[in-house]
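Look for subunit A in each of the two complexes below; its partner is subunit B in the first and subunit C in the second.
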Partner chain A sequence: MTRVMGILVVLAVMWPATDFSRVHQTFRSSAHGVGVTVSVRNRNAPVGGLSAADFELTDNTVPQTVTAIALETTPLDVTLVLDASGSMAGGAIEAMRKDVRTITGLLRPDDRLRVVSFAARAIEVQPMQLRGETVSPLPIEAAGATAFFHGLIAALLQPSAPGRPHVIVVISDGADNLSLLDGTDVRELARRSDAILHVVRRQQRSGNVRLILWGWFPFTGLAGLSDVREAAEATGGRLLSEDVSRPLPEAFKRTIDEFRAGYVLWFTPAGVAGPGWHDLTVKVKGRNYDIHARRGYFGG
Partner chain B sequence: MPAADTLAVDMASRRILVIALLLGALAPVAAGPRATQDPVNVTVTEMLELYDLGEFEIVRDAVRNASRGDLSVVLTALKRDADAWIRADGDAPRGRRRLAAGVFALEVADAALDGQWLDALDLLEWACGLMRSQPRGSEIERTFHLAGIALIEGARDLRALDGHLIHVKARFPDEPRILLAQAFKAETEYWRLFRSLDFGYDGGDASIAVPALRKAAARKENGREVNLRLGFLAFQEDAYDVALSDLAKVPPGDDPGQLYLAHVIGGWALEKQKKANEAIHAYRAALEAIPGGQVATLHLSAALYATDRRAEADALVEAMLRVDPPPPDPWRIFGYGDYRRLPMLIETLRKGIQ
Partner chain C sequence: MPLSALRPPLGLLLCLLALVPAGHAQDAPSFRPVFEAFLRGDFAMRELPGVTGARGSSGADVRKLLARDGAIWVSAGPPDERDRRRLIVAAVALHLANTIGSSDWRRANGVLEWGCSFVRRNARPSEPERLWHWAAVAVTQASADAWQAETHADHASKRFPDEPRFALARAVALEMRTWPDDRHRSPRDRDAALTDRVIAGFRTAAKYPEVRAEANIRLGFFTLRHGFAGNALRQLREAAEAKDPYLRYLLGLFEGRAYERENDLDAAIAAYRRALDAVPHAQTAELALASALVRRGRQAEATAVTRDALRPGPRPSDPWVSYGLGDLRMWPVIAGALEEALR
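Take a look at the complex of A and B:
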């Protein structure tokens, strides 16, 4: 049996619908229009060649008229959020530095990359800048507790630049043992964020969480992960689990390739109230794709 | 001089020697070949000499740099050489030199806290004995012991804490912080991280921690800290009104970290009660106590973001991420009892040396 899989990555963005030339100038909220990034997969292969006529999009159950643009050539902003807690000391942090260099090489010249590291505190080790301007080696040192949720929230609260889709990729091998904010907060903020959040959880082959000795705050088991998964999916991203032995750039490349193979659907909300939460659904007409989409956006 | 008696420091720490030479304290070093070697070796007594001269920050930085290596050499050298160094300059400065050696040991132990705690504890016990060698306890000795408590709580070494409290009680039976240290032990039980095999946390047992904290509150000197901790325990129990009531009893004092935490936790309790604007006000107050504190900044930004004040939230986080290194955040060490007070206590002790 052929199983058709589709993954839809959706970015809720707003633009002044009356001026299409400004579509790529304004991804931030406005009262006029919404842009939704979409990637579609069929059995793990991106589906290309779709047009606006292939999509069905509803806003609070009301069908909308959309315009579609392929994302293939759109320059991206990527925020890479790296776990630099004590557990990464030694070989792991060195491997991470190497991975970041490889990841940088996977970007296009007009893509931009920001790198944020987190342990007990979060620091921007590289501001958002074009690929060719990146610093090497990155000044990341591994030490201290793991404020995973704080690092994730700091990334989500970063503004997205007008006209540039913003993808956040968070990579961590541990569990939080310091953050006061938690998965619930991440989930709530993700719903409001313009960015697409992907979280790559690096785990040991045994599947066990390693002991963490540096933090003091009660580790709440793996409960927070379901919130992280929901947060990522709410933005159109995903929570991925990777064995630590797998090269990190592989997961990054899959994520970015998938994103680039997608589209932006633009629409001006019609027949729905402006303010408050808007539920979104996106389908491909006549296809039984397994759709994974951003769940909505906050209207201005 | 045997290598084991020296503290290896890197090139950046050569400035210690430069300052020492300027002060005329290390004439033999200048004449010897060590001054041109890399790494430079500085003896513990040379470090003591500088410390006694008030070059606290330079010595502390050198010790912290050296703490990446093996600090047990310092313990060995201090135990052997410090007594002679204390007596070397006659009777008059002996008390000051004893204090300098004791506080220097505290600084070394603090630098070794993360990686070499057993050595640090040895050093602390040695210094504690040094301070107790006088027939009568002084206020500066009391401060020293409070710093010792803070350090042991920083290591969460409850067994060592018991031993140290016996010493403190023998010298200062009325010390109110003893009660607070005992409450810390009960509180640590509450926060015990790995309560079950699956690493799950079952919520702790406030019935042990709360009475111990209330007992500590019998001494008014402990009031602010007790109320802060009771407030957080109440928050953990989802008793937000109780938490806010306790936290309101943490007025500004000599510890900005205490006030910061009271506002952050209070703000969070207010958010749980859906009082977003009051929570934002509390987070702003926290940032007045500790400007740039990351936890308060993130809470404030998240609250602003959730109430559609995104421009301010964006700007706050952007600025926060660009401060390197970020300012110390008291939340990071809230679970380590009085360790938050250690810098203040060491500052008092340094003044005592001067």
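Take a look at the complex of A and C:
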């Protein structure tokens, strides 16, 4: 069975436009057209050595002609979104700072990293910059409520740089007790974002839960996780759950390694109307591989 | 806004138990020096550094000490000064409760309840007592204890039946019982009787011009939470006269959310901009605005708004973050007015 979990749509040289008509023009006149990043796995192992001829891609059910580029050597943009709420106070936040340093070390010199932290407010603690320019230690302090959705939305709202695949990795316990915006907003933005969204939910042990009797926490629980999963998968990413005791950089490395083992499929849409939502499907001819690719994109 | 920012300087009254004169370690801690200072109109004790003593004591101990010292100190005053003295003792209880509330609400509430019963012994309700109850309502609204918020609002309303803020406080206390909310709960899964009481409470409060705008905004948002965006918008329009930036921000924010539910993105964008006109750089409205702009295809504008929203450094308090804290946002004003009234 083909699972669509996708990776990334790099909508060519696009989206700096100020309205849909300009997006449409840019998107249609681009030298490359639409770029869809694709991860191909066979029994959990990446499948390498594929060429354009191996892929079948449809845009609104219409087969398209693609060119394929391996992502292995393509420089990446990574947005790391970290939970800095009160639940991370103490050792957890210090461990997170250390993890960020480790994660930074996993990037290549021409990769870029942005770091966004969120508690009651989301803050860009490090703008998108090359690995060697990153600040250490990051000015992250744990305090306050958890606006998880706002942090996630803040990352999705940032446009991707033309020609650079953009991966968003969100690391949190997944709880949100403050955001007014919610999973519906996340889903809507994910469909419009050029980035691939991966959410790593670090599960707390149940003994950590305590009754709060001061302050205002309008929302409870993990009720939005189905939306988050749907949003991540719509971009070609995933919602991963793991125990909080597991080293964070491991999950990050798995995500990035999987991405680097993938491909970008470029195509110029043919035989389909430009405006509105375009459903995408990607397959490898004659194979039953697991394929992770964006589920679609908005045309101008 | 962090609660700590709203805490009164008087919160440092916890240092009161350390006010025993140096060199008299054998003396029991006493609140009496503080009562005397307040009686003189000297509230400087609140500035004393160091919070010791009471923080580690049990709430019962603090309450007993306050009750003992308070009763003695009030009785020691001339008869025509006893009402004022009772208010001063209750004010100490109030600030003590606000200070320890974040770390131990049960203890704090015990102190507050005692203060409330003490101040209600006064023969006639007075302006300082009204301010005291308003402050007590604010403290209980800052807790997550909806039942106590309702109890204190009821006490206040009984003493001051025509006070608009207490009418609103009763509705807010009922609304507190609907928090925290399950985002995916359908109206059918909600407590219908409680919903009716909340609506009736806000409608009662909305009859008072002084709190009409806030009552309508809260009722509008409550309606929106139940999934009725059209009705919410009609309710929110009743708050159009709101002048307070805090209220105008919330009005624009909630209107924006309602318009989005109605799939009117242009109206939502305009509403979010009105919110940001009232409180510039407040992040919830900025993210909502940027999100609506993206959905409308206006990516460049959205990017500019997002960059501003995520900029590090001090930013104005986002009224959404303190929405559920009710009147605590006005604590500095209330506490200041109470001090003035106690002089």
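In the analysis below, the second predicted complex is superposed on the first by the 251 of 300 C-alpha atoms of A that agree within 3 Å, B and C clash if a C-alpha of one lies under 4 Å from a C-alpha of the other, contacts with A are read in each partner's own complex, and residues count from 1 in each chain.
As a convention for this text, a contact is a pair of C-beta atoms (placed from the backbone, for glycine too) under 8 Å apart; a residue touches a chain by one contact, two chains touch by 3 or more.
Only a predicted model underlies this, so the values are computations on that prediction, with no experimental measurement involved.
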Is A:I123 in contact with subunit B, with subunit C, with both, or with neither (first, second, both, neither)?
-> both
Which of the two, subunit B or subunit C, is in touch with more residues of subunit A?
-> C
In the superposed arrangement, does A:G183 touch subunit B (first), subunit C (second), both or neither?
-> second
In the overlay, answer first, second, both or neither for which of subunit B and subunit C A:V272 touches.
-> neither
Touched partner set for A:A70, first subunit B, second subunit C, both or neither | neither
Does subunit B (first) or subunit C (second) touch A:L225, or do both, or does neither?
-> neither
In the superposed arrangement, which partner chain does A:A52 touch: subunit B (first), subunit C (second), both, or neither?
-> neither
Which of subunit B and subunit C A:A154 touches, first, second, both or neither = both
Look at A:A95 in the shared chain and tell me whether it touches subunit B only, subunit C only, both, or neither; answer first, second, both or neither.
-> neither
Name the residues of subunit A shared by its contacts with subunit B and its contacts with subunit C.
-> 116, 120-124, 144-145, 150, 153-154, 157-159, 177-178, 180-181, 185, 188-189, 192, 212, 214-221
Would you mind writing out the residues of subunit A in touch with subunit B in their complex?
-> 29, 116, 120-124, 127, 144-145, 150, 153-154, 157-159, 177-178, 180-181, 185, 188-189, 192, 209, 211-212, 214-221, 298
Complex contact set, residues of subunit B against subunit A = 114, 156, 191, 193-194, 198-201, 204, 264, 268, 294-295, 298-299, 301-302, 305-306, 308, 310, 313-314, 317-318, 320-326, 329, 331-336
Any idea which subunit C residues touch subunit A in the complex?
-> 2-3, 101-103, 105-106, 142-145, 179-184, 253, 257, 283-284, 287-288, 290-291, 294-295, 297-303, 306-307, 309-312, 315, 318, 320-325
Tell me, which parts of subunit A touch subunit C in their complex?
-> 15-20, 23, 116, 120-125, 139, 143-145, 150, 153-154, 157-159, 177-178, 180-183, 185, 188-189, 192, 212-221, 223-224, 300
